[in-house]
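The next part holds the structures, each set out as C-alpha cells.
Two complexes follow with chain A in common, the first pairing it with chain B and the second with chain C.
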Partner chain A sequence: MFNIFMILSLIILTIAILFNIYRLIKGPSSADRVQALDAIGINLIAGIAIFSVYLDTHAFFELILLIGILSFIGTIAFARFLERGVVIERKR
Partner chain B sequence: MKPKANDVILHTVTKLAAIIIFTFSIDLFWAGHHFPGGGFIGGLTTAAGIVLLYLSFDIESIQRNLPIDYKKMAAIGVLIAVFTGLAGMFYGDNFLEQTFGYFDLPVFGETELATAVLFDVGVALAVIGTAITIITSISEDEL
Partner chain C sequence: MSFLHFLILLPFLACIFIPFIYKKLNIHLGWIVVFVPLFIFINYLLFIPSISKGNYHAFSMPWIPSLGINFDIYMDGLALLFGLIISGVGTLVVVYSIFYMDKNREALHNFYIYLLLFMGAMLGLVSSDHVLVLYTLWELTSVSSFLLIAYWYERKKSRAGALKAMIITVFGGLAMLAGLIILSIIADTYSIREMIANVGIIKESSLFIPALILILIGAFTKSAQFPFSIWLPDAMEAPTPVSAYLHSATMVKAGIYLVARMTPIFGGSATWFWLVSGIGLVTLMYGSFRAVRQTDLKALLAFSTISQLGLIMSLLGVGSAALYYTNGEAQTFYAFALFAALFHLFNHATFKGALFMVVGIIDHETGTRDIRRLGGLMAIMPATFTIALIGSLAMAGLPPFNGFLSKEMFFTGMLRATEVNMFSLEWLTSIFPVVAWVASVFTFIYCFILLVKPFLGELNQSRLPKEKVHEAPIGMLIPPIILGLLVVFVFFFPNLIGKYLLNPALYATLSAEVPAFEIIAWHGFGTELWMTIGVIVFGLLLFFSIKRWTIIFRVFPDQLSINSLYMSGLENMEKKSVSLTDRYMTGNIRHYLLYIFIVTFSVLIIALVGFDGISFDFSTNSYITIYDIGIVIAMVAAAFTTLLTTNRITAIVSLGAVGYIMVMLFVIFRAPDLALTQMVVETATTALFLLCFYHLPKLGKRIEKMKFKLTNLIVSILVGVTVTIMTLVATGHRLFTPINEFFENAYELAGAKNIVNAILVDFRGFDTMLEIAVLFIAGIGVYTLIKLRPKGDDSQ
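== the complex of A and B ==
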C-alpha cells in the first residue's frame, strides 16, 4: 500500500517534470527557460527523496542537499549572465 | 554613466549560504570512509562554494580576501597523495598500502584513524585547485 503511494507520487513528479520540459523547449524568453531548469532541479530533489524512501535507504540524502546547492549556483550564474553579460566580473 | 547595480540580496544570501556549503563539504569529506562522500565530492562542493563567492562578488575582492594560489594548491594535493603512497613503501609494504588504527583522542574518545584520510586530503586539494583554476582562467580572457 505504501509502495503504491510512492510510485504514484513518482509518476506525478514525472508529469510535472514533463510539463517543465515543455516550458523549457517552448519558453519564449531565456528567463522562462532558466525558471524551468530551476523547477526541474527542485522536482528532482523531491523525486530523489521519494525514491530513497521507496528503496528504504539513507544513502541518497547527501544528494538532495548537493542538487539543491548546484541548482542554486546554476540559477545564479544564469541570472548574472542574463543581467550583466558576464558570469564572473573582473572588478565591480 | 550607468548606475551601479545593487545586489544586496545576493550578497546577504551568499554570506549565509557559503557557510552552509563549506560545512556540508567538510561533512562530505569526513563521511567518506563509512558513508557516501569522500575526497572528490568534498573538494568539488568546496569548489562550488568558492565559485558562489566568485559569482556574487568579483574576482579581485575574493582574491584579496582569500589569497590562495590554486595552481600551487593542486600541486600540493598531488604531492600529498604521492607521499602517502610512498609512506607505505617506507614501512616495507607495497606502494599505496594503507593502514588504520584506534586511538584515544581527548574529545572524541576511541576513534578510528586511517591513513586513507591523508590520501583523501590530497585528492580534495587537487580537485579544488583544478576546478577553481579552470573557472577563473576561463573568466579572465574577456576585455
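== the complex of A and C ==
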C-alpha cells in the first residue's frame, strides 16, 4: 500500500517534469525556459527523495542537497546572463 | 674476412679517407685514388691462373648470421670477367678524369667518393653469392649512379636525368628484390650456388614464372632494355668519365650479369628464352634506329649502348636454349651464343669506353658535342681521330677490330636460333637473323656518323665555343689509347682472353661442361660473312643517302616516344593524385566526420552481419517500470528540442535539462556517486556553454535554423541504429561471468564501504591518477590558451 503511494507520487512527479519540458520547448521567452529548468530541478529533488524512501536508503541525500544548491546557482547564473549578458563580471 | 673481401671493401675504405686528405693535397686527388682500382685490378689478374683451370674461390663473412645473411663471395669465371672490366676500366677512367676534371673548379672529393662507392658496390655485386647482399649492392649502384649523374647538381637537366634514372632503376630493383625473395623461398636458400644445385625444385614450383619475370624486370631496367631504356640517354648529363664508366662499361652491364648469373636457374624455359632474346632484339633494333637521328654525340653513344646491350641480351636469350638440351652436341651448339655474348660484353666495354673518352675529349677541346657544329677535326686531333676510328669501326663490326669477331659470332648465334625447335612459336625465330641484320645496318650507319661528322669535312671555327682547338693533353689520351690497343689486340689474339677469361665465364654461366671454344678470325665464306658484307654495302648506301630517308623519323612523332609517354605518365599521376586528394581532403570537418561515421557503422554492420552476430537475448533483462518510461520520454523530448530549436539559448537550456534528467536515471539505477558527479559537471558545462555563447562574434552573427542535410540525417540515423543494435546484441553475448564479486570484498580488501570509491582509488587507482592528469592538462591548456597570445595580437 505504501509502495503504491510512493510509485504514484513518482509518476505524478514525472508528469510534472514532462509538463516542465513542454514549457522548456515551447516557452516563448528565455525566462520561461530557465524557470522550467529550475522547476525540473525541484521536481528531481522531490523524485529522488521519494525514491530514497521507496528504496529505503540514504545514499542519495547528498544529491538532494547538491541539486538544491546547483539549481539555485544555475538559475542565478542564467538570470544574470539574461539580464546583463555576462555571468561573472570583471572587477575593475 | 678474406683478402677478396678486403679487395671488395677497399673502395669503401678509401671513401672514408678521401675527405681527410682532400684539403691537404696539392696534386690532383685522382692521382691518389687511381691506386685503389689499380691495386684491385692487379690482384684480380692474379686470380686468372687458378680460375682458368676451372677452380673457384668461395669466402664467407658473417653479417647478420641470425637471419642467415652473410657476405658470401663466390669468385668464378663470370665474376672475374666482370671484376676485371670494373677495376680495369675503372683505373683508366680515373686516369682520364684526372685530366678531364679541373682541380680547382670541381668538387673532386665528392666525385671520387661517389665513383669509389660505385666501384665497390659493383665489385661486390658481381661476386656476391648471397641474393640479399646482391640486392643491397645493386641498390648501392643505383644510388651512387644517381649521385654521379647529378654531379653538377646546379644544372636542371642533371637533376632531371638523375631523378629519372633513380626512379626507373629503383623500380626495377624493388621488382628484383621481390623476385629474389620468391626464389629464395622456393629454394629455401639465399645462396645462388645452392639455388643452381636445387634447380629441379625451382623449376617445378608454381612461383617459377613470377620470380622469373620480376627478376627480369630488375635486369632490364638496369641494363636499359626496351622499354626501360629511357633513363640512359638522360643520364648523359653526367661528367664524361662517369658516362664512360657507368653507362657503357659497368652499371648497365649489371643487368647482363644478373641474366647471365640466373641463366642456370631459369635458362631452358620457354618464357626465359622468349623474353630475354625477344626484348634484347627489340632493344637492339630500337637503340640502333634511334641512335641514327641523334645530333648530340653522347646521346648517340647512349642509344648505341642501349642497342649493344640489347645485342648481348638477345645472345644470352638464345644461349639459354643450351640448358634445354641434355645432348652434348646440341648443348654446344647453343652455348656458342652465350660465349658470343660474353665476348661481345668484353669487347663493348673496351670500344665503348674508348668512344666515350673520345667524345669527352672533343667536348673538352671544342666546347661542344653537337655534330652539326663540329667538323674537320681529323687534322687537328690525329690521335683522337685514330682512337675514334678504331672504336667506331669495332662497334660497326669491321675487321681488323674485335667488334668484327663478336659480330660474326652474333650472326652465328642468331642463325642458330632459327633452328630452335623446342619452344612453341618456332616460326618467330626465323625473323631473329633479319632483325639482327637490319639493326647491324643501322649500327653501321651511326658508327659512320660518329666517325665522319666530327672529324671529316670543314672546320667551322665560328660555330665552336672555344678558340684554338688543339689536340688533347697526353694524359687524357692514354686511357683511350690503351683501350684502342686492346680492341686491336683482341682481334689478333682473341683466344688469349677466350681461353683465360671467356671460357671460365661461360662455364660459370652455363654451369655445365662444354668443350672450350676457339675464336677464329677467318672462318671461310659462311653466311655470316655475306651478312657482314651486306651490312657494309647497305650501310654505306644508306649513309650517303641519309638526307633522303631521314624523313621516316618524322613518321614517328615525339609524342609517341616512350620518353614522352613516361613524362606524361608521371605528370598525369601527379595531377590525378592531387585531384583525388583534393576531392576527399576538403578541409571541411563535417566531411571528415562523415567519413569516420560511415566507416564506423559500415564496418560494425558488416562484422555483425558477416559473422552472424545479430542475436538478441532479453531473458536476463529486468522489468521496465512506467517511471522509467516517463524519464526516458522527458529526456528524448529535451534532446529533440536541442536538435530542432532555432535559438541557441534554448539549445543550451534543453541540453542542461537532458543532463539533469540523466541524474534521475543514475538515481533509478542506484548510482549515487555518478548522480552527484553528473549533477555538478552538468551545471559547470552549462555555465561554460553560456560563456561560449556570449563570446560569439558580433559581426555576421546569424541566429538561424540548422540547415537540413539529407546525408547527415541518414548517417546519423544509421549510426544511432548501429550503436543501438550493438548494445542490444552485446547483452545477448555475455560469454563470461562478471568479476564484480571480487569488488564486493571491498571492506575486507580495502577497508572501504563504498565500492565505487574503493575501485577508483584502490583497485584501479592507476586510471584515476591518469584522469587527474587529464584534468590537470586540460586546466593548463585552458590557461595557456587564454593567457599566451601571439605577439601583436591585441584582441582579448
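We adopt the following convention: the second predicted complex is superposed on the first by the 91 of 92 C-alpha atoms of A that agree within 3 Å, B and C clash if a C-alpha of one lies under 4 Å from a C-alpha of the other, contacts with A are read in each partner's own complex, and residues count from 1 in each chain.
The rule we apply is simple: a residue touches a chain if its C-beta (ideal position, glycine included) is under 8 Å from a C-beta of that chain, and two chains touch if they have at least 3 such contacts.
Since this is a predicted model, take the numbers as computed values, not measurements.
When the two structures are aligned on the shared chain, A:Glu89 is found in touch with chain B, with no touch to chain C.
In the superposed model, A:Ala59 lies in contact with both chain B and chain C.
Looking at the shared chain after the overlay, A:Ile48 reaches chain C, while chain B stays out of its contact range.
Once chain A of one complex is fitted onto chain A of the other, the partner contacts of A:Ala77 extend to both chain B and chain C. In the superposition on chain A, the residues of chain A touched by chain B in one structure and by chain C in the other are 59-60, 62-63, 66, 70, 73, 77, 86-87.
The part of chain B that touches chain A in the complex is made up of residues 5, 10, 17, 21, 24, 28, 31, 35-37, 41, 45, 48, 51-52, 54-61, 135-136, 139-140, 142-143. Chain A makes touch with chain B in their complex at residues 59-60, 62-63, 65-66, 69-70, 72-73, 76-77, 80, 83-84, 86-92. Interface residues of chain A facing chain C in the complex, by the touch rule stated above, are 7, 10-11, 14-15, 17-18, 21-22, 24-25, 27, 30, 33-34, 36-37, 40-41, 44, 47-48, 51, 55, 59-60, 62-63, 66-67, 70-71, 73-74, 77-78, 81, 85-87.
Of all residues in chain C, those touching chain A in their complex are 625-627, 630-631, 633-634, 637-638, 641, 645, 647, 649-650, 653-654, 656-657, 660-661, 663-664, 667-668, 670, 672, 675-676, 679-680, 683, 686-687, 690-691, 694.
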